[in-house]
């Protein structure tokens, strides 16, 4: 079997298939379970500086080819989370702490207070006031937050970007200027669903973020554009559900992928994707590096 | 049966289900066919000032729950199109001319040269250099183009907006300031697909626009935000495939909907949606006005 | 799936703070499965089925109170049925329930009787006025009731009633109620843990196995899709009975 | 559907500018259906099936030339089969083809023979060296060949060969070739238009019935999904034979 080991944004992953932020990432146990099930790395639920209950329900709606969610960044605060990270680490793969704040200082404070293998800055959640894409849509804020966390953290810093923008490359370049070790693309697309019997927006928060197969073509395009224009690695996320999707994302330029919504199929998805990827490389007699960014070379 | 007649951005439509721009809109005959099949109004293929062959193939890829297209605005130029509009008009419903240009002057020149029931300004196509969203992402350009066409045209002016932005409401407000009679939301999402056997981007143009059910939640959210914040009417487009989708779009705040990708099911879609809408209103003993914007009132 | 619209057909008061709602949709649930109930404009919360087309709800907070404001003809949204449900094993079963936790057990008992299985019930409540489904359990077979205040039946917690039975006789034991009560029963009957199925509760947000809100330590079991019914021997090795997490993911006590 | 990857198994030269490509995918097409062939990095163009697993291509421009540069082992992308295909009617049919337009007819004739139908063919080419599939048509039954220069068979256009037949004898007539040739035949045989099926070509972009590139005046018929095979009486009332639109939608002559 060909090697699936990758070096991604300062981490070494035994395979490029990671658990995405906010998916089964609330407890150390569930993170470890993903690792034991075959994930090459895991990302925690996004952590803030104070506990949050998140939005009222429904927090999720199944739509055609995807999920709409407006969890609202529920989390126990980073202060309560170190013990979970420590448990997660017993799974044997890198544990990336996803963090969020409303200012560069708040981000930096959280990064200073946590011991993790890397930080992923959530500058892209589309449905939490004062957080996520409300900062992340502005290149100067992306740069400032990245710079502050870089200065504060003793681990690699990844920046997760929003696709709710006219030009995701501008945001990626800002992250790069701020010193990011990698960018992660994409977070969910701002979206909503309405109950036609009553006219109520279904999500408790009215609008939320669209994920799953529906957004994969948007994610592939984002990764492609970013990989062609940035010098730092790109981690691809959005709709990855099969090994074919992982290949497509890597050909677009991703050095690793993250899987979120597809966890609906269960933890087995990690092994399924890695195995498919390995078999594909074997059949083609190629390495991960050979296929990475292949689409950009066909221009 | 309850009345489906609507007044939408300066036009009176016998029903709120229109044919979207660029779908079977290259000939007067196909536009008339949509009218005879039950469309409440039809929009032409986007017309520029010189003939264009469009992008090389593949110009379309079927993806999960949607279509990716990069037609590249093929059109015979507006100069050759008046005869098609005249034929289309024999279908008995308003014919909206979709137009594009690379400057306010070019837009205005086209509007001056065409006799149509309304103009729809394509400030949103994501895959044609110098056109569409390359202008439409900037509020000041949206305002300027709208103003110029308003001054030049002797028919209502609609502005079709791009969802490839951090804040579609800013773009809608710019259109409103420019004097638009309505906004149309949304055009396609910038996206791509890669052939995993070879690494080639599948579309001849490499990237294109995502349409169909995949983008409906993004369209619904856009319409909702626009309808709550603008004074001019909003026409909803994006993934409408059934009468339920039309109801959802109208509840989000749309006064009419446009149907594109769902024409893959054939011209029967117009009657199917109108009939379903009428039956729904009858069952609920409500009018179109009653349900329009209902989601916003549940806030 | 999007929430299905359901019109409430009838509401019956079972006890001061407990009501049963009849739904107009046939969701064909198994006993132990649950449905996410959307009270529009308020919240969406999990409820077990108390029969194929009813849920029985105790008013404890904002969503359940809002539900109590809805009468016949009102509509709610439903997602489900979700989860694994109880599995019937053997020919002689015991149901052990507490409070509104008796709801899925009444449903299970009726299904078991229909399949010719012998059913015995032990159910506990705070006081006589809190007793629900007494007629349904009586119709199933032997019934022991406990009340905390002794106003009816045996005085004390449900576990007090255990003495009335030789648990070895039962092919399977089914448990549902407040976590402290279930934990009390399980810890007193460890030797039978391999034949006890318990329907448990955690904070559910997505109910589709992705958000992680309901995960059980130390294995990260997703209660919303892998449960809510578990064998007691599996629970003994878990956080169950020791702590549970709230909406923000912090550990808290496991009352309620 | 995304394009399916297909490895070219074999390439055979049929005439100086005509080659047949064997595909490794069983797409199970009906005669008259077509497939969108993606020559990567160049373009995607429609091609009829010349048998269940072959296409036969005339080199006329950039995409077809690029295809000619691909040999066995090379890969192309395929979307299809698309369109309606021919419908077999009756027991005695006539095939009338011109140039590479004979490709789907050879496929159709073989299917008809397999179904016990009597097949006669009339096929025309520019010159002796352009003749393709002579053996396939001979194996089907009666065959008349015409060449523009008279180098083989009857001299002149395909229509010259019509005199050899009493068209009333045929239960159905199948037509494929350059538009001027098909129009020539149809206008000379108007009284039989109700039993002539013609496989026509327009500029295809999407091949899924949404872009409008292939629509036929005056009814807006989408050739890519409602065709490419039409009854001749329907074509007589259309733009067919008078003009066709190019990639930009402008009307042009209907040569080729």
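Going in written order, the chains are labelled A, B, C and D, and every chain counts its residues from 1.
Simple rule for what comes next: contacts are C-beta pairs under 8 Å (C-beta built on N, C-alpha and C of every residue); 3 or more make two chains touch, one makes a residue touch a chain.
Just so you know, these numbers come straight off a predicted model, no measurement behind them.
Asker: Walk from subunit B over to subunit C along touching chains and report the minimum step count.
Answerer: 2
Asker: Note the shortest touch-path length, in steps, from subunit A to subunit B.
Answerer: Counted as steps through touching chains, the separation is 1.
Asker: Which chain has its C-alpha centroid farthest away from the centroid of subunit B?
Answerer: C
Asker: Report, in whole Å, the distance between the mean C-alpha point of subunit A and the mean C-alpha point of subunit C.
Answerer: 36
Asker: Using CA atom averages as chain centres, what separation in Å is found between subunit C and subunit D?
Answerer: Here the centre of subunit D sits 68 Å away from the centre of subunit C.
Asker: Would you kindly tell me how far, in whole Å, the mean C-alpha position of subunit D lies from that of subunit A?
Answerer: 51
Asker: Among the residues of subunit B, pick out those that touch two or more other chains and give their numbers.
Answerer: If we look for residues of subunit B contacting two or more partner chains, we find 63, 193, 198, 200, 298.
Asker: Pull out every residue in subunit C that's touching 2 or more other chains.
Answerer: 40-41
Asker: How would one label the connectivity among the chains shown: line, ring, star, complete, or other?
Answerer: Shape of the chain contacts: a line, open at both ends.
Asker: Considering every pair of chains, which are in touch?
Answerer: Going through each pair of chains, those in contact are A-B, A-C, B-D.
Asker: Quick one: which bits of subunit B touch subunit D in the complex? Just the residue numbers, please.
Answerer: These residues of subunit B touch subunit D: 22-34, 45, 51-54, 56-63, 67, 69, 71, 74-77, 80, 87, 193, 195, 197-198, 200, 202, 204, 260-261, 263-264, 266.
Asker: Spell out the residues on subunit C that touch subunit A in their complex, using ranges where they run on.
Answerer: Touch residues, subunit C against subunit A: 1-3, 5, 36, 38, 40-45, 63, 75, 77, 79, 205-213, 215-220, 222, 245-250.
Asker: State the interface residues of subunit B toward subunit A in the complex, per the touch definition above.
Answerer: 63-66, 68, 133, 137, 162, 164-167, 189-194, 196, 198-201, 206-207, 210, 213-218, 220-221, 224, 239, 244, 247-248, 251-252, 280, 291, 294-295, 297-299
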